[in-house]
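One chain, chain A, appears in both complexes that follow, with chain B as partner in the first and chain C in the second.
Then we have the complex of A and B:
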């Protein structure tokens, strides 16, 4: 299911805690650890299960790929905003809406979620449904002119996200089926 | 010491009940400890009490209302204590033999018996009327439990119910009477009532009510029906409660109150009428019984009436006779009951028609029953004879109207008593056995010596006291004097010389013996009489008629008042809630507030108005819910503008959760509101809705301008000022919630917990058992199984929880608090729900919803109570600072655990809501009441 491991959650909670209090002190880190342990003890996050999985299937963060993914996402965000702004300020209407079916290759929910989030966060495109395993995304697109190009763009996001956060197994599977 | 003895009884009884069946019949050995200790203590004090030095003890209860537990042991109380505890010891020993093969629940009987004895001692030791009432009702309750101990037996349950309903409601009437008498006398203390000598019509009403209480307890007509019914209880219980002690509570009360009240209005007339009838009817019925125990029960009814007549006249010489009867009756009636129990235990029957005499080894039983029955019949030289003789003599010298009537009643009643005593003896001897019945008794094994000893000792005691009345003389004299300070009692003697009373005694005995000899004719007469009165309602039938009638009436009226239509309930509740405050609110309305404060208000107000109007006109339920949400969010906007981020935060979280919950419930309802068909309903709804709107508007206006006496700024300024020094927090809203107004918060979360439990049980009650099974099997599937949302929810869930914990801890000084924190956690739970349905919600917390809910409430309540234990006031908070060395100092106040409790309650509430409404399967539409969908 999830690709995030328990220690990562623990660290994340402590960081969040320190950020919420607004100053980094030993007391805040220690209390953050306590809070993290209490939250994870009493509230089940559903992430504990990933610990039990085979190492091949465990998610692994690859920092360089993650940076790559992040910069790609930011680039896409800026680009989409500019395109939309251009669309609004110019009198010409290039809008041609439609729904594109994008079959993904990864089975990882986490990767799927990242892809869907990126798509939805960039203006002009929106995930309206996801089903099946491996999932098929149905994406509403504002500027639908070249179907294959849209698909290729979206699959590129998937590839980058798996490279950044996927398990070794997911990566090799992706490598085997590169279009 | 008096209170210690009472507490000892309750503690010992409670312990025996708690240990329960592991004790078996040995429970009665432990139970005997309490009366034994009491008797030993009484023995050391008896001398001084007899000399008129009453022992008193006062324990303040509610001093503001002048309520106290006043205990007082004078000579009359000492007689009753001796009766209760003395016979208590005998009964406990007897019970060891009776329960030779203990069943489950036998030890419970022993424990309850001890508690009963404690309650009974409380009745006879109380000097305060209200405390007396308290113990009085306690005896009713313990008696209920003792009669109904065999809870699988429907007859036992009915009898127990009938006993507690009759004696309990009589007790309530008595309480009202106590209040009337106490208020007009100016004192509730028995010992002071004698001198207070109240009067007036209030007191007359009070007298009637008090007598009703006494008559129900002592099984006088028309309330006598419960006592024969109570005979389903095991014989030791009957012997103790329904012969020797509890039924005498009414007599005791009459004895206590007669001196100041007997000469007032209704008292004497009422007692003469009721108890005369009871004495004769009881005796007549006793003569008809085949069941030995029932014979004794009706005999008890008759004898109680006898005592009522003696004590109730307010004359010391009659009362003196009454005290002798009290003692004599306690001894012989307990002995006779024990004999019946022995026969029942050894042969399996109590029916005189199945008894054909007993074999060898039964002589002690037979001698005991003959002695005890002779005392009951009033044969010389037993104590019963002296008692009756004294009663007759005093009645003959009565100086009030009705004295002659009493003599006649005593004579007739006593003839019947001789007759049924004879019937009892003949039955035990086997003379009434029918030849066509199986002969069981001649071969029945003889009882062991221990089994017979208590009864035999009591019977021998009757004989001894009869032969040497000096044994009881001193006690009787002092008891009489404690009731009537001016009494000059004559000594209790066996031979009082030739007088009218002796002649009457002779007449009674002869007439009684003749009745026994002519028993076949008497029986025919009784049959004829019984057939003649059969169509008339007897008290038993009337009682059950009232009981079933009441429950039928309750059912019918509930059907009308609670017709199940939610709109009607809502209309009534809202209508009343809106109409009542409207008038006082309008009258206190003074000035209009400023129309517009800041111009930022205008757009927000516009949103609220548009959304609110929209909510009333849209036809789709979901749209209405969302529009209501919009109103709420806009209200939060107002809070932000006014500079109340805390309120805004709370409002935001509440609106979010409420909208989600709305959507959850709306799934089960039709999409659109149904059009109402009747114009009347529409008009009524419009009227109620309009009324509510007007009231809220007016209330808002008034509350904005209210407290003109106190300047508003000074209140808020004071709160701001005191927040840090008193509440140890700079977030004033939170300090108000957990400190200044902490008790309100505690009440609110209690209501929340109750509401959550109610919602879940209602939602579950509507579900069929088969549905529940389906739920479990299908619980893996979500409400809308979205893999994307699922993954995000899992990621966000711990983060939101951390935020909620932050709100909880930061709340005292910054925006936040337990309430906001809990709601934030609720939002996290909602996210899990949307992703994975109720199964995901169940998985998301390790503890069950109700555990979290109850745990939270417990923590808050304990935090509120702890300051009380240390002598501070409720909810007083203390600030603590720990020096944690390198980590710095950690400051906390005791408000934090209170807030944690609030947090947990809110989280539990959200979990409960999903538990109640979050199931995937909508209830069958047919199961929804019509009212909900219309």
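Then we have the complex of A and C:
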């Protein structure tokens, strides 16, 4: 982590801490500082290692794409719950489970985490294994009726998250290989 | 505003209830996990928004956003770890293809 970003992360953790306690007092700020330093001592090494290995993969936020990602995610979340609610309240069983392999195109850790998170939170899909570089996700699907369509839907999530939070390098990787 | 907040809050609670029923009704580990992982996500989102609509202060909004983001991020990590251990420990039966298993046969 660069010298500029470390204090920024420190301040951010203190702000989170104060927010969690709900009021701004000296005791809160001081205890927040202690917590932030401890957290950074433990978490820094991992972040630094991944940045050193892929310096070109530093995440960069693009606001409009992030908004697109967020609205897509919220839509999917509601859809996931409605599909599941329907499955729960109706006696008919449409469940057809299976595990789908989803090879990602991005190598960014952050983008992979986002994709896995969103997949786990959307309609009947659950990441059960992730490995390799570029990562391959293995996703358990509850309603598996069209394998290729499921794969395409999941790759769409990757595309949106890289557009929103990926580094320029990740974006060009995405553009270089269209599915 | 209070009324809208109340409606949103109850809707959120309803989704959590449905998730609980689903967890009981489904008869397979993964199906149950699908129910258990998703209902609460939207449930927390809606209860959070409902609460913020009723309390209407900057402080509560900040806390609510924090709760929602952390819940969504950490909740799915939990279900991922659980799903992974289930696969490794007991290989639950699937109706369709298992591409993770196919890969292991290739290597």
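Keep in mind that, in the parts below, the second predicted complex is superposed on the first by the 130 of 179 C-alpha atoms of A that agree within 3 Å, B and C clash if a C-alpha of one lies under 4 Å from a C-alpha of the other, contacts with A are read in each partner's own complex, and residues count from 1 in each chain.
One rule holds for everything that comes next: a residue touches a chain if its C-beta (ideal position, glycine included) is under 8 Å from a C-beta of that chain, and two chains touch if they have at least 3 such contacts.
Owing to the predicted nature of the structure, the values given are computational and were not obtained by experimental measurement.
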Touched partner set for A:127, first chain B, second chain C, both or neither: both
Which superposed partner A:110 touches (first chain B, second chain C, both, neither): first
Partner chain in contact with A:75 - chain B first, chain C second, else both or neither: neither
Touched partner set for A:89, first chain B, second chain C, both or neither: second
Partner chain(s) touched by A:140 [first = chain B, second = chain C, both, neither]: second
Partner chain(s) touched by A:13 [first = chain B, second = chain C, both, neither]: first
First (chain B), second (chain C), both or neither touched by A:30: first
First, second, both or neither for A:41, with chain B first and chain C second: first
Touching both chain C and chain B, counted on chain A across the two superposed complexes: 16, 20, 116-117, 127, 130
Touching residues on chain A, where the partner in the complex is chain C: 16, 19-20, 22, 77-78, 80-81, 84-85, 87-89, 95-101, 116-117, 120-121, 124, 126-130, 138, 140-142, 144, 147
Chain A-facing residues of chain C, complex: 15, 18-19, 21-22, 25-26, 28, 30-31, 33-35, 37-39, 41-42, 45, 59, 62-63, 66, 72-73, 75-77, 79-80, 83-84, 86-87, 94-103
Chain A to chain B touching residues, read off their complex: 1-2, 4, 9, 12-13, 16-17, 20-21, 25-27, 30, 35-36, 38-47, 109-110, 112-113, 116-117, 127, 130, 133, 135
Parts of chain B lying in touch with chain A, wherever the complex brings them together: 786-788, 790-792, 794-795, 797-799, 801-803, 805-806, 810, 840, 843-847, 884, 886-888, 890
